[in-house]
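Scrolling down, you'll hit the structures one after another.
There are two complexes below, and they share chain A, which is joined by chain B in the first and by chain C in the second.
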Partner chain A sequence: MEKIDKYQLISMTILFMIGSTPLYELGIGVKQDAWIVMVAGLVAGLLLLALYLYIQRNHAGMDFFQILNAHLGKLVGTVLSVCYVVYFAYESMRNTREFGDIINISFLPNTPLSLLMLVMVLLSGYAISKGVEVFFRVAEFMFPFTIFGYAALFCLIIGSNIIHLDRLLQVMEHGLLPILEQAIPEVISFPFGQIVVFLMFWSHLNEKRKMVRVSVYSYLFVGVLLLLFNVLNLAILDPSITSITTFPLLRSVRLIQIANFLERLDPVIILLIYIGIFVKMTAFYLGAVLGLAHLVRISRFKLTVVVGAAIYGMSFLAPNFIYHVWIGFAQNLKYHFPVFQICIPALLAAIIFCKSWNDKKKKRAKQPS
Partner chain B sequence: MNRWPFLILLLLIVPLFVTGCWDSKELNSLSIISATSIDRERDHWVVTFQVIIPQAIATQTGGGGAGSQSPTTIFSTNGRTIREAMQNASLETSRMLFFAHNSILILSEKVAREEGVGQILDFFLRPFESRETMSILLTKGKASDLLEVLIPLEKISGNAVKRVIDQSQRNLSQVQNIKLIDFAARVADPNASAMVPELQVSGNLKGQSSLDALKSPRNEAVIKLGELGVFRRDKLVGWLNGEESRGVAWLSNRVKNLIIVYPCSAKGGERDSLSSFRVLKSSTKLSSEIQGGKVTMKVQINARGVLDETGCKMDLSNPRVIAEQQRIIAKVINGEVVSTWNRLRTIETDAPGFLDVIHREHPDAWKKLAQSKHPLDEITIRPQIRVNIEHTDMINKPYSTLLEQNKRP
Partner chain C sequence: MRPFTKNKQSGNPQPEACTQRSTESQAAETKLTGNLDDDLRIIKERTGGSSDLIIRLIDSMFGKELRIAVIYIEGLVNEQVMNSSVMPSLTAKDFIDPHHLAAPSEVLGMIKNRFLSISNVKDVHSLDEVLSAVLAGNTAILVSGATLGISASTAGGEQRGVNEPQSETVIRGPREGFTENLRTNTALIRRKIRNPDLWIESRKIGRISQTEVAVMYLRGIANDKVVQEILQRLDRIDTDSILESGYIEEFIQDEAFSPFPTMTNTERPDAIAGALLEGKVAILVDGSPFVLLAPVTIFKLFQSSEDYYQKFDIATFLRLLRVISFVVSMLLPSLYIAITTFHQQILPTTLLVSLAAQREGVPFPAFVEALAMEITFDVLREAGVRMPRAIGSAISIVGALVLGQAAVQAGLVSAAMVIIVAFTAIAGFVAPSVSISNSARILRFGFMILAGTLGLFGIMAGLIALLIHLCGLRSFGIPYLLPLAPFIPADQKDAFVRVPWWAMLRRPTLIGKKNPKREKKFQKPSPPKNKN
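Take a look at the complex of A and B:
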């Protein structure tokens, strides 16, 4: 079995969670309180993470599909496995299409979308065909550059004096309710709930005892980072402009002007976003490949090609970017993703809890005799 | 297993994908725009571009010298939408218009008053090449005229104007450089009004738009910053003159460097000698108070600076005299602030963002005000001004006292 160490897991968790999230202003529906939505999503996501970790801790060495099969029986287990393979592939495709369109909108308007996405899928497929270990090492390698990049952007933003914190006032003008409505389930499903795919990877960790601590700390770190950029967008662009902008962070970064020569840094942010997107789409892609390996017995390479082709094919489903975003944010996040991120894992955890409780009772019943 | 043929094939194929051929832009096929202006003629937008001629800038060193070629060229196009007007530009240029270096956008008063800036902002916030950091300016006449004026010392007048704004903002707080992105945010804010500086030509425009103009030391015409245009939502509603734009700067805590001219004594008339006080540091705090349904805006201004010039005869080393001077300066500032506020009330624009402050501090009172037809009429201001003359620079007694001593013998 392939092994990963805790540093690789930290890097992977953080890069995965960063993904393309900083680019969007989550929770902008409540204007200047968007960052509170983010906090609410962060806390709720932490509960979800605890749920996933609980499932994993009771089954060291087993991945998600094995756990599903062990507890729900062969038939239900197989059906759910197929569903999860589709879900993972779909999430991967969402990132692929998204980045293709970002590039089309921002840098290369005339380059065919099909080619941009093909390059991305080939790159991810190549990483996956090398195996879990290699992919995690790639994340470990890219981690310092990414963090340095975001830190540098942060410093430059501070340096160009474009932050107006007064734009965040007035806090919670309309109370807490609209904020919670925004946070649940949308902000949970994207990005925090996506960490469900780590149920496929945690079993590879070599130091099992560190799993919970490492995951929670990385999660909190990335949560604070996302929150920071969420606040920055509001303070730089004003909630009004943020709410009409397709990619708020891209616009914020374009405002950086230092000493008349450090400006127009948009390529930097696109590069950083691509690292996040690459990690996220590859992780989901890998999740789908590993899942499918339990269902059909063909070589890893063939699986990679099959799933890659499926992802590439699916990415043409949406006729345009507007539809793609609408399907994602207005439909998937509300109705579809919560099933995979919340309902099924919660059900599974409940079953595990009942079983272990039963076992304990049996043990206790046996002891006196 | 022989991998080499496969690898070499891959190496040959991959570069085909990463050339970016679809979006190649060669420098010599671009015409770089340095300034844009927008006018309105009947139902058409008239967009005028100032395009840099690279050869004209490259061949000479040092600024200001008159070459054989104008450093910029101008063309106007029109269309039903702004984009259509730009599209029509390609009918007359040999190169593709490149927008990313556009540094100023000039709107004519007519556009801002009648059409509003909504569609203009939409257009300039949308395409990727357009920069949110360009400066917005207004002009009372035809906006395209301003692009024709050649500016001494500078090659590209678009960039020059930007530098004029930057420079005067630093040295004279009544001028404010407003970037496209901040302008858009101010226009969208229901509790505040946007303000945009005016750019004007004074003198003989025709003379200054020919290359010969740069050959003589005295300019036929100059471009300069003038009044301050104030908006209500997306429409221009009025102009503030120099004194009023200073008042707005005081009210909105933007004063960093400003000269205040004041008379020697509080009762001093027009013919009295005058002195100058240079503000070095200033802060304005706004806070609202509600009493019996009436809203009072407390404006606390704290200005520190130095005495820069005086024609008065007085003993400046005496703290009492200085205190008296401080009182007079405070009175002058007070006058500016109050008259500005009265003017803002008549044109009904909330340039300093008072409603924003009330919204933050007293949401209930704000709700009432927001429903009222003339919310500003229900606000009274109470300025509290503190002035501190920190020193009198290199001389501590006015020079004119020497003249008096000399008279006696």
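Take a look at the complex of A and C:
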């Protein structure tokens, strides 16, 4: 089995969670309180992470599909496995289409979307064909550069003096309820709940003892980072403008102006975003490939090609970008993703808990005799 | 007229002799017959009567029936040793007591043990051994009637001396470089590491060329698995010749198709000594001053041995500079293409205006312009390497003036493009290892195509693909991006930065893990405390 180490897990968790999230202003439905939605999502996501880690801790060395099969029986396990493969592939496709469209709109308007997405899927497929270990090393190598990039961006924003924290004022104008409504389940499903795919990777970790600590710390680090950019967008652009902008971050970045030299940096920021997107779409793609490997017995390379073709094909489902984003935010996040991120894992954890409780009871019953 | 007829006479019977030999030699191949005339005739036949093979017959004091033959190849032996040590001992007047008649093998023993003043002497039993000894520059001594002979080490002849290496010059550090002679090279390394644990394993590779290849490592520090793996891969080579260490490199490297070298080579003995002390393995090939090193990681290719002799702060600065230069020489033309073609908005307005003004008269798109200029530069560079020295100034005038300035004035290329190409070229020469700058040289064109089609996104996609390739690359089992991916905190001391010598406590983790400790702790110099 291919092994990954703790630094690779840290890098992967952080880059994966960054993904395309900084582009969007999550929770903007409640205007200037969006950042509180983010905090709520972060805390709720932490609970979910605890749930996933609980499942993994009880089954060291097994990945999610093996755990499903072990506890829910062959039939239900297989059905759920198929569902998860589709879910992972769908998540990967969402990133592919999303970024393909961003590039197409803001970067290369004359290049066909199909070509851009093909390049992205081929890149991810290439990484996956090299194996889990190589993909994690790629993330590890990218990590310092990405963090440096975001840190530099942060410094530039501060340096150009465009932050107006008073725009966050009137905290909780309409009370707590609308905030929670926004946070659950939308902000949990994206981005925090997506960490469910790590159930496919944690079993590769070489130091099992470090798993919980490393995951939680990386999660908190990236949560704070995302929160920071959420707040920055609000403070730079004002909630009213933020709410009508598709990519608030790009709009904020355009305001950066230092010494009449560093300005209009949005193409560079898009490249920075691409690192996160690449990691996220490849991670989901890899999850789908690893899952499918349990279901059908063909070579890794063929699996990669099959899943890649499926992702590429699915990415043409939405007729345009607006529809694609609407499907994602208005439909998937509310009704579909929570099933995979919350319901099934919770059910699984409950079963595991009952079983282990039963075992303990049996042991206790045995001990006196 | 006489030489001509003589030639004809000796030339004519050869075909017959050849056919005769094929049946005869099979029997005679293994053993010396003891009949000196037959042996010498076979030796002459097998070498085709080559004019540099010298056979000197000496009558011994025993009379005609006990003759001695001295066989060597002119030019491969040290004439001085021949004249002062070998020949006097065989032709001495008081060679032997004339009343005492000895058997041929006894005579041979006496020559070997009493008269021959040569330190390295071996017995030879077969004609093949005689031939290979003679071809290696040794002198064979045969005595009529004896079924064995002597090979005396007399190798020498004209050789290039130890000079300053041409390809890797340093400001501070030893000035000696390897030569074409394997023994000189091993000696140069041994002089730096005087330790019995410095082991050499030799192989003869090349069915026809019979080139000697030596694998050198420090026992107890080098990873045994890596050493075994290298020896195994060397043993698998079956080819007719090894004329340079590049042959070996292509036969035994890990990934056949990679723009990056998974073995490195150097001309500097001090670089090899430093690498051996880190647990690496050196492969020396006779006839080549370039010694191979394995395993190697990518950051080692940006390091010069001088980094360890200079102060650590400047060494660190230079290392960072080299990495940046590598990236520049790989990406600068493609970034220019991408930005001027697709993303003009990144540029500050004033720069954009001046660039647009320059490009106004240029008939080509930036991609074609850049491609043409890069190819032109590579042509100039190749011409600079191959041309005779005398016309160097002509090339530089043509290159700099005609192709640079005149092309700009004629409006064929923009001045900015010339600057870009020139800086790219200069940045390419910063890398201390030629192999890594060659990687950038090839990849540059790929990135230019990506930039010309997909802009910055294309460059990014290319970089990610390159990164995936590099992450999957291994050099003899060692990940190529070693201290960064996988990340090893302890090895950061000698990757981008070089910490002072007193802080280099351990050898590189994966390569030298057999014997990790390098030096005593707490050696940081500090002024002595004043007690009064």
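Throughout what follows, the second predicted complex is superposed on the first by the 369 of 369 C-alpha atoms of A that agree within 3 Å, B and C clash if a C-alpha of one lies under 4 Å from a C-alpha of the other, contacts with A are read in each partner's own complex, and residues count from 1 in each chain.
Rule of thumb we're sticking to: a residue touches a chain if its C-beta (ideal position, glycine included) is under 8 Å from a C-beta of that chain, and two chains touch if they have at least 3 such contacts.
Quick caveat, the model's predicted, so the values are computed rather than measured.
Q: If you stack the two complexes on chain A, which partner ends up touching A:343: first (chain B), second (chain C), both, or neither?
A: Neither partner.
Q: In the overlaid three-chain picture, which partner chain does A:111 touch, first (chain B) or second (chain C), both, or neither?
A: So A:111 meets both chain B and chain C here.
Q: Regarding the shared-chain residue A:119, is it in contact with chain B (first), chain C (second), both, or neither?
A: Both partners, chain B and chain C.
Q: Quick check for you: in the superposed arrangement, does A:295 touch first (chain B), second (chain C), both or neither?
A: neither
Q: Check the residue A:267 against both partner chains and state whether it touches chain B (first), chain C (second), both, or neither.
A: second
Q: Which partner does A:330 contact after superposing on A: first (chain B), second (chain C), both, neither?
A: neither
Q: Looking at the overlay, what does A:82 touch: chain B (first), chain C (second), both, or neither?
A: neither
Q: Return the chain, chain B or chain C, that is in touch with more residues of chain A.
A: Between chain B and chain C, C touches the greater number of residues in chain A.
Q: Look at A:173 in the shared chain and tell me whether it touches chain B only, chain C only, both, or neither; answer first, second, both or neither.
A: first
Q: Report, in rising order, the residues of chain A that make contact with chain B in one complex and with chain C in the other.
A: Common interface on chain A, chain B vs chain C: 107-108, 111, 119, 263-264.
Q: Which bits of chain C are touching chain A when the two form their complex?
A: Spelled out, the residues of chain C in touch with chain A are 342-343, 345-346, 348-349, 454-458, 460-461, 464-465, 467-468, 470-472, 479, 481, 484-487.
Q: Which residues of chain A touch chain B once you look at their complex with the stated criterion?
A: 105-112, 115, 118-119, 167, 169-170, 173, 237-238, 240-241, 244-245, 251, 254-255, 257, 263-264
Q: For the complex, which residues does chain A have touching chain C?
A: Going by the criterion above, the answer is residues 5, 7-8, 103, 107-108, 111, 116, 119-120, 123, 126-127, 130-131, 134-135, 137-138, 140-142, 144, 260-261, 263-268, 270-271, 274, 278.
Q: Tell me, which parts of chain B touch chain A in their complex?
A: So the residues of chain B touching chain A come out as 17-18, 20, 22-23, 100, 125, 128, 131-133, 179, 181, 184-185, 188-189, 359-360, 363.
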